[in-house]
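Alright, structures below, take your time with them.
There are two complexes below, and they share subunit A, which is joined by subunit B in the first and by subunit C in the second.
Take a look at the complex of A and B:
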């Protein structure tokens, strides 16, 4: 019987196979064209920014700029380089992530592994969203208000009259930690959620307590996620300007604060590459566009490297898969 | 460490309490933020009442008067009508988010559905990179490239002369600010929308295709519609980001507290506008003058409340996604 004849073989569907648009209505074709235009425009903008900054960086960046201290001078040839801002960026980034990591990881572990009572967990979750959505300029103002209280006087300068300056690497780092924390929490939670339940059960079956399971099994398993979050957070900190302008004082050179040696850098003020760029742009006092371009190029390279590092960490993380 | 763990100091209950306490510091911080910022900003609001949010007079002159107020606390000047800055904030973020949303939607659909594989491999890092570029770099490109371009070549001399007695047109303008802001908020929206579009079950669009609908229609009517909550959330979160953008706008949108007037026609786009966040950065040196600092804290308080509500709205908008199991997380 013809009805029982085997069906004609279905041609294999290629994913992303191109469907001819000849039969589409004009409106649909315009829509598709707009999509292409948007995608190409995005590539063009990205390439334009990258190439422009690369060109300007090659044009203005000299090794001497990286190695000399900035100096106040009216003559542009004698205002020095940006060694201090570069060190400032590194110090602030490390400090910020050092504050953010413990709290961020603890929050993520509590949210995924405990999360009781559930209303509190939901409140914490939305609280993290709120912190993520708060503009950094508001965080900076909050930091200034808090750290000018006398209790926190040890963190920064104290003026003759007893008023606390409130501006130092420590105070700026603390607020930077708030900026990076949501990223750390998000990445760590994702990594913890990706660890299957049977891994936890196996650990309990061997007699390990929950705390021990977290310490010996879950945290090592989530190492990749934690590293991703930390790297993203560092990129965010390195690129932020508002907190540095308000909370670090944005002084040209690093000014040491009070306290034991070593601590003096942390309780002192300084600047980072972002404020150096801002101050040397026509909007700031310095107005030395070529130095601003050079510093912006270095900053962009740091941020892009951090982002590539995220990709590399993500790649190695995928290799450590937990059985099927 | 191992001995400590087994010795009973780190019992499960203690660990739970410790971790819970650390997690709850976030809530305490938010509460402290709202309380402290409002407490510090209160004199500015109290002296002006609702007129704080209204217009009238020249904002920059009012700010200068507050800065120069006498040192005697009884004589502090607080009079301020912040409307031009509120208006500039709303205008800039509104324009940027609306333009950015259309652009981001098209890009996201392109990335998920239509882009050929090599193109996709370029686009994804491009989006990540645009999101990672620091705002000061955007500001630098804006102020050194776009502002002179607009100021010297787009705005004609006669246009400048026609408004010279009100405001100077030098290229730092609403147009440049909105354009750069659009580029800054678009990647955030693309990332959220792409995640949501990817999570739409393939069967839904395949079902539509099986009924003879072409790919564009299937995407537009099925995937995009299913991802609607994500699109709302993306717009809300991008608005929060745009509201708080300070450095870039302080650099390219002008340092004059001027409210651009839509009735000026084409000129509207070339008029300067300075939003709240940029005002804070511009006046960072004056914070130690008590009444001036309190006024600046009031700007921060307004920003804090609006971003708080926007974050909560974004969080609420994303919830239906979770119900359908469409959320990436």
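Take a look at the complex of A and C:
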């Protein structure tokens, strides 16, 4: 159908013609300008942080830093790297999401598929909102009070006098789970609600029970949402500082706790990249800005990669859809 | 286009202009389809007198959602060897009636039901609901394969109930058989382990039919199974429905009167929850007794 005959010389048609703001009131034009300014400013801030961190990271990051343990020394050239905090971030993130995922998914399933009595559902919903809105420092102190009780002694280290230390990867992970759980619940609920009712009915219409419908149809159907929630939650855990400072102890090195081998790492203390940055940065407690920059850069890369993972999961999930 | 003498291209065997008109009974010989010209184009129904067996019986069924009565004291037989079509304007209760046959209406908290529905003489309320739904399975308006492979979709109902979990290779023959009965096997035989949601809409719907057939139902309920599909898929599925009635009793809800005429042996016309007219398709479309049926079929309302 191309070029059957030469088109007559007509003025070019503007596709998706932009509405002229000439007829708008002054206030509307100011509003529009502010919208544009806000968006552009956000991009600029984001780009500034990324470029700054990229520059600093390139300048200070050395492979040796990633592979050596932090050491206490007055001479900065002999204080080692941040292998322990890096492992700590990974362990704490995995642990936190391992706690948060089953609880969060179960809560979301209950809210969308059962949700009765409705006063209880409303209470659960506000509970999740309150947890989501609680500052992590509050969660941390609350957790420390709880986990210093004797019943929780197995989670950390018990001193000779019988007092429980209350600080370990397990106790910090449990509180980190509270931080991640609202994100898991939210994303899972959204995904479950996106599955149309007739898909559930189709399962019932084949003689399947509700439990089986949830297990075999709804949870696989909500897989993308669950993964998105988990990834967002991991980003949140990796970036938190207050819980680490209070519930993971003050030492940069990993120290084992009580219990059988393997478990000792979990019941032991350590640090994460966030506390390493805090302890090395002149703005925090240390005087090693180059190492703080390098660690912050690594942390930023981890969180950005997690966010890209969310985008990739969400993108592939959106293509699979049922009709309404 | 070609000259007028040329036959139309054989794109569809379904004649689009076969509008079922209201024909007065005087036309004569109506039942055999030689009275009016348009009947000849339709894949002719088998004589519904042979091997017809009553499967379900609906007696005085009333269903209400809160104060609203959706189905008002309806009595109907559902027979194997026949296709029963439920027609009527939107909101007339035909889908509610269909969903009550396998007790899916119970999922709506506000729904209440009175009257008796029996399956092979047994009251459906006396049956375990999961057992009932395996004997009376259902296909929905929108294709809704589960997020798993094609083979797992078909095996879904088969894995239900049985105590031990049956392995994939155990179930393969039953899966292949169900896909063949639904006329889908040839298209997917190499892709049984591919995700079912990658199939086209028409294939998905036939997969849903295969899934419903795999559990070996006595009654198959179809809720507007073609309304989301293109004409070609619709034709495939209509042929399938006509073929299936020998093995299972088929009940189909449809808004498409031509479709009801093409596939159904018996037609029930519902209006505002009441069963206005029930009878052989030729009679309901050819010489409806009630004025409301005549008006609806003639297209003056609904």
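Throughout what follows, the second predicted complex is superposed on the first by the 292 of 324 C-alpha atoms of A that agree within 3 Å, B and C clash if a C-alpha of one lies under 4 Å from a C-alpha of the other, contacts with A are read in each partner's own complex, and residues count from 1 in each chain.
The working rule: contacts are C-beta pairs under 8 Å (C-beta built on N, C-alpha and C of every residue); 3 or more make two chains touch, one makes a residue touch a chain.
Nothing here was measured: the structure is a model prediction, and the numbers come from that model.
S.K.: Touch check for A:198: first (subunit B), second (subunit C), both, or neither?
M.R.: Only subunit C; A:198 stays clear of subunit B.
S.K.: Under the stated touch criterion, which partner chain does A:54 make contact with: subunit B (first), subunit C (second), both, or neither?
M.R.: In the superposition, A:54 contacts neither subunit B nor subunit C.
S.K.: Just checking: does A:212 make contact with subunit B only, subunit C only, both, or neither of them? Give me first, second, both or neither.
M.R.: Both partners, subunit B and subunit C.
S.K.: Using the touch definition from the top, say if A:223 reaches subunit B (first), subunit C (second), both or neither.
M.R.: After superposing on A, A:223 lies in contact with subunit C but is clear of subunit B.
S.K.: Determine, under the contact definition given at the top, whether A:67 touches first (subunit B), second (subunit C), both, or neither.
M.R.: It touches nothing on subunit B or subunit C.
S.K.: In the superposed model, does subunit B or subunit C contact more residues of subunit A?
M.R.: B
S.K.: Once the shared chain is lined up, is A:305 touching subunit B (first), subunit C (second), both, or neither of them?
M.R.: neither
S.K.: After the superposition on A, what does A:33 contact: first (subunit B), second (subunit C), both or neither?
M.R.: Neither: A:33 stays clear of subunit B and subunit C.
S.K.: Report for A:98: first if it touches subunit B alone, second if subunit C alone, otherwise both or neither.
M.R.: The answer is neither, since A:98 touches no partner chain.
S.K.: Looking at subunit A, which of its residues have contacts with both subunit B and subunit C?
M.R.: In the superposed arrangement, which is not itself an observed complex, subunit A uses residues 209, 212 for both subunit B and subunit C.
S.K.: Which residues of subunit B touch subunit A in their complex?
M.R.: 1, 5-6, 10-12, 14-16, 18-20, 22-27, 29-30, 32-33, 36-37, 40, 103, 106-107, 109-111, 114-117, 119, 122-123, 125-130, 132-137, 139-141, 143-145, 183, 186, 190, 214-217, 220, 237, 240-241, 243-247, 250-251, 255, 277, 280-281, 284, 287, 296-297, 300, 303-304, 307-308, 310-312, 314-315, 329
S.K.: How about subunit A: which of its residues touch subunit B in the complex?
M.R.: Contacts found on subunit A: 16, 19, 21, 23-24, 28-29, 31-32, 34-39, 41-43, 45-47, 49-50, 52-53, 102-103, 106-107, 109-111, 113-114, 116, 120, 123-124, 126-139, 141-142, 144-146, 178, 181, 189-190, 193, 209-212, 214-215, 235, 238-242, 245-246, 274, 277-278, 281-283, 289, 292-293, 296, 299-300, 303-304, 306-307, 311.
S.K.: With touch defined as at the start, can you tell me which subunit C residues reach subunit A in the complex?
M.R.: 102, 104, 107, 130-134, 137-138, 140-144, 146-148, 156-157, 160-161, 195, 197, 208, 211-212, 215, 221, 228
S.K.: For a test of understanding, state which residues of subunit A touch subunit C in their complex under the given definition.
M.R.: For this pair, the touching residues of subunit A are 196, 198-199, 201-209, 212, 216-217, 220-221, 223, 320, 322-324.
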